[in-house]
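Below you will find the structure I want to go over with you.
Chain lettering (A, B, C and D) follows the sequence in which the chains are written, and residue indices restart at 1 in each chain.
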Amino acid sequence: MSSTYGTLFKISTFGESHGAAIGVIIDGCPAGLEVDTAFIQSELDRRKPGQSRITTQRREKDEFQVLSGIFEGKTEGTPISLVIWNEDQRSKDYSHIAQQFRPSHADYTYQQKYGVRDYRGGGRSSARETAARVAAGALAKLLLKQQGVTVQAYVSQVGRLKLETPYQQLELAKAEENAVRCPDPELAQQMFDYIDETRKQGDSVGGVVSCVVTGVPAGWGEPVFDKLHAELGKSMLSINAVKGFEYGSGFAGTELHGSEHNDQFYVDEGTGRVRTTTNHSGGIQGGISNGEDIYFRVAFKPVATIMQDQDSVDVNGNPVVVSGKGRHDPCVVPRAVPIVEAMAALVLADFYLRNKAAKV
Amino acid sequence: MSSTYGTLFKISTFGESHGAAIGVIIDGCPAGLEVDTAFIQSELDRRKPGQSRITTQRREKDEFQVLSGIFEGKTEGTPISLVIWNEDQRSKDYSHIAQQFRPSHADYTYQQKYGVRDYRGGGRSSARETAARVAAGALAKLLLKQQGVTVQAYVSQVGRLKLETPYQQLELAKAEENAVRCPDPELAQQMFDYIDETRKQGDSVGGVVSCVVTGVPAGWGEPVFDKLHAELGKSMLSINAVKGFEYGSGFAGTELHGSEHNDQFYVDEGTGRVRTTTNHSGGIQGGISNGEDIYFRVAFKPVATIMQDQDSVDVNGNPVVVSGKGRHDPCVVPRAVPIVEAMAALVLADFYLRNKAAKV
Amino acid sequence: MSSTYGTLFKISTFGESHGAAIGVIIDGCPAGLEVDTAFIQSELDRRKPGQSRITTQRREKDEFQVLSGIFEGKTEGTPISLVIWNEDQRSKDYSHIAQQFRPSHADYTYQQKYGVRDYRGGGRSSARETAARVAAGALAKLLLKQQGVTVQAYVSQVGRLKLETPYQQLELAKAEENAVRCPDPELAQQMFDYIDETRKQGDSVGGVVSCVVTGVPAGWGEPVFDKLHAELGKSMLSINAVKGFEYGSGFAGTELHGSEHNDQFYVDEGTGRVRTTTNHSGGIQGGISNGEDIYFRVAFKPVATIMQDQDSVDVNGNPVVVSGKGRHDPCVVPRAVPIVEAMAALVLADFYLRNKAAKV
Amino acid sequence: MSSTYGTLFKISTFGESHGAAIGVIIDGCPAGLEVDTAFIQSELDRRKPGQSRITTQRREKDEFQVLSGIFEGKTEGTPISLVIWNEDQRSKDYSHIAQQFRPSHADYTYQQKYGVRDYRGGGRSSARETAARVAAGALAKLLLKQQGVTVQAYVSQVGRLKLETPYQQLELAKAEENAVRCPDPELAQQMFDYIDETRKQGDSVGGVVSCVVTGVPAGWGEPVFDKLHAELGKSMLSINAVKGFEYGSGFAGTELHGSEHNDQFYVDEGTGRVRTTTNHSGGIQGGISNGEDIYFRVAFKPVATIMQDQDSVDVNGNPVVVSGKGRHDPCVVPRAVPIVEAMAALVLADFYLRNKAAKV
């Protein structure tokens, strides 16, 4: 298992969904950063269950506790340990699946790899682990804010309902005004209804989260293997249920000619800064930020847990029928928005620090 | 810069396109592996320029030399150093761009990050660096072959020409029978013509490479952050010109319901092995291989170098017209096939070794 | 800061001496290991304060809590999080030093490096951090025990009182029968009296901890840079107050000729195993274990906190007199014994896992 | 095997003593550093064989070639690859030991770990590998020079001949004026005679190299595990034949009381800088540099190769007599001086870069 991520701004998460607690150590956050704990909590609140009818009805307050690394309101340069206690465990909900492999969950692969597994609610493979990422990501956001960098994600697709408008023409802040986190209010309502309908059928549905990062100066990202977009891609693909990642022109860009796709440089008269007239590059060239907005899209599959009977096998290889129980999200993307932002912030904070060593 | 990749099977590449040489050190390859050097060369030959009319006409033999790590035909457990000398440098071809930033190349970002750059043919940002990856990947393939694992990639899209047939219904070996590396001969011919037409117009075009990995047993991959698909994604996104990655159902899967998307388990009567009836998971669940085929798709943008005039700026911020010169690929995907395979093999070799430590 | 250690068996510690808690995440412990929690507690008890008159009189129970990674008594392969709450904080004891730099402490260097510091009892630089290492090391010992490996340390010097007897002629288990942890009972009493005398004078004294590891098979250790003894050395030097490390013949071996120092090989008739007639190599050749006992010595300086007035400066550069207060160890080596063992066990567990990937 | 070292200033070495070449990749050297290639060669010359009667008579020019990373005389920020070709291989000299395990060499342990080994002159375990370190270390020295940091080592002991004078009272530059590299000319002559005598007897002898680093500002080093002295210790212990490491007061300091050992702070009137009246700390407190000189000592065993018959076993477990042949150093410390300096420089360069991320 590798639950550590990052080179200089490094996080290590721990915890099973039904163990005592989950949490994270952040090692490498620069000293002297003022820590707005209310902000960290507000980020956790954006991810927590039970926010609306279309998210899981589990009741977890997801309040975090600081165990170390913050002194008199500031980071000390030492490891920052944040813990979130598991309250609403209800292990009984999961006892029926101790011997079964739920389709498209990690039950079977964990069993094969480790020989043992915590069958209670997915254990370590539960998306509950991402709460620790959100807490750490909030700290990364505070560090990035000092550098003028903002990270904002939103839902751009639920099932076949797609927001085709380019992000530049959207008011992204509106995403936080509805339960779906889609910045187009009308489409958001359609998405809400669709998810709610799916929920009533005991089914689930997939979607896409888009993310825009502004304010990154030219120079972040470490070629060859740790290209900025490669690390963004890895970080997104490490989130539960993610099946794909694209940045800038992405898969659609494969259909274009170079003469259409190339971003031409010019000098902005006002600022004297080198800019590009278009941004198919998604703010990254050769793995390094070029000063333009960074944007990317993340594909989430429909969550595996559904309230329907499914054929499967048990640990002894016997056919079984897995019955859906418990409280789960019919669509993961609304709650995935802060997770995507957190992972992006963690990657960017790390590259910000690494870039300090680029030149003599 | 980070030119090192992997945890146990670790590679470090070096070299600029117009320096003395490029190469790679492979550190962590298990001892006692028989090294088929002809196979390594044949993999390099699949990537080398000048293979057909639709690839760059540069003449590089790309012959490799072993500097260390192989003794009496076998790996020693020590670092294996492979060097490929740069022969056909023709630095003059590039002198005109020393002061210019070519659109959508890494010229500007390298300059901003490092303050200096080797302007000859892209220097370190040149795709020539991938030859070192192919050499290392060939070694990884030899290691994987012992484990019964095969890695096969092919071109599934060029511009808007798409191979929609699922890989299971294709004869993948046919991909190597044509210059495009598309396993559908008819479509391959259309793609060839399209690329050739694009070349004549001095333009370039993007495409998609698909990859299938067979024979991986259940258990490879290291959750949480180093999920098998997350590392595959990073490795692919680290290849020049890649804009997106998806595995299994990918972006298309976001439109489905869970009841359609879930892969149900059954026990194969012949082998007694747990299998799935469908494979939307792409052979990976919870970041760990489940024993089914692993498959994924990689999006390549149209290469930035085109034989047309483009507006840009120079290092002093003055407007310039960049004229396309030199010898370049109008479409990168045919030569990207062995690169995609190499990166996949490197990731899998690493996870194979890491998995040895999973259980007591 | 880097509070993470290890490649496959990886630990991350956190916590300040007077924060809420200290603790550790162990990531990479193989799944399926039975966890004897009473043994972990007993190891912590060997390190905890207040064991006798010659150790600090602070009262800390150092009881640990498992937050994750252990399920039904076994490791799950997931990160194991252990927390030890700080009980006896008495922050007032330390308020007088908030503005002062204590001589030979880390006050000044932390202030210079980080710009802020937790002045309460040394904060992160306190040896209290080593409790987390002992907890993690106990787990490593359980893993090593399965492989037949034992790690035993003891006090071999206090001030000028030296145990010159080679370890082979000692009954090492006797070390745990006295407060000093010296296996020679008579010398142990002299050491005790000497430490006690030192304590009464408000002074401190240094010493040496020796360590013997048995049962390591040939093959552990990763040349070139991660030689077994190099990593052992780093791990020991990372313990507070350590000033030196030597293994096998060590510094004394520098005086010998090769003809005296070389360990000749022979085949043991009983086991058929290749052995050496002497063991100046300390069980390690070329950075790799050779199957003989591994042994090494660790030098600890006199602890910096003394109950005497000392000249120093404050954070504003003004001369001050630092008065010794609080409760501290007059000699650190008795309590350092389990810490040395823990670090050795962590290094060996890591190399045990890494060695699984050495050969095809 | 792990032949990679460093976090940001990272080196990867390769090569067997009798393979085609040895070399190193330096990844992470900041861009824009002017590279004095003559200086790099002069450092290699300090390490090369055949410098005097008391070093091995092998003839290797040890000239290096730059394969990448340097453009127009400056580092580019890309991996710098340096290669040294093996010229004087004379493989026949070593054929007699293909089946034998030389006492106190790494023959047996490599065979056990890897199942294969390059028996020609020690292969990868040969000290020839350190030439690559010296080349990389020379680059690190150039980087450190910009920061006002100097690294100077010297021989302070050969066999029982010891230089007891504190380094502050020595003229260290004189070390380079004699073949032994001892700054006391008279003692140097005695050492020379002793080594020469040892050589004539076909024997070898150990010794100690001391090292002094000046100009490091307060703040370098990363607690907890990557303490400055812990990493220095590891780097030194990774050098062939090293058996021990101590810094500051070292093993001798264990005999002192805290009241003698503590370094009291004062403010230097001239510079306003916080200084210490003594320096038992060796310039490092809590793992972080405090601005005083850093100094340490490294113990080298007598080299294992001697020109005498020794009992051993062969790969089949049969008793054999190993006869000393070939050309070897009777005492390694004179040529170890630049190696010690190189490793110290590499560690310091890495911490210099890492420290850039300590504070907001």
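In this section, a residue touches a chain if its C-beta (ideal position, glycine included) is under 8 Å from a C-beta of that chain, and two chains touch if they have at least 3 such contacts.
What you see is a predicted model; the values in this text were computed from it and never measured.
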Higher C-beta contact count, C-D or B-C? C-D
Greatest Cα-centre separation from chain D belongs to chain A
At what distance in angstrom does the C-alpha mean of chain D lie from that of chain B? 39
Distance from the mean Cα position of chain D to that of chain C, given in whole angstrom: 26
Between the Cα centroids of chain B and chain C the separation in whole angstrom comes to 46
Do you know which chain B residues sit against two or more other chains? 1-4, 7, 13, 28, 31-32, 75, 77, 110, 113-115, 124, 358-359
So, in the complex, the side of chain D touching chain C is made of residues 1-5, 7, 13, 101, 103-106, 108-110, 112-115, 124-125, 129, 157, 159-160, 198, 203-208, 218-219, 221-227, 229-231, 233-235, 237-238, 240, 243-251, 253-267, 272, 274, 276, 280-282, 284-291, 299-306, 308, 310-313, 317, 319, 355, 358-359
In their shared complex, at which residues does chain C touch chain B? 7-8, 28, 30-33, 75, 77, 143, 146, 353-354, 356-360
Spell out the part of chain C that touches chain A in their complex, as residue ranges. 1-4, 10, 12-16, 19-23, 25, 27-28, 31-32, 65-69, 71-72, 74-81, 83, 110, 113-118, 123-124
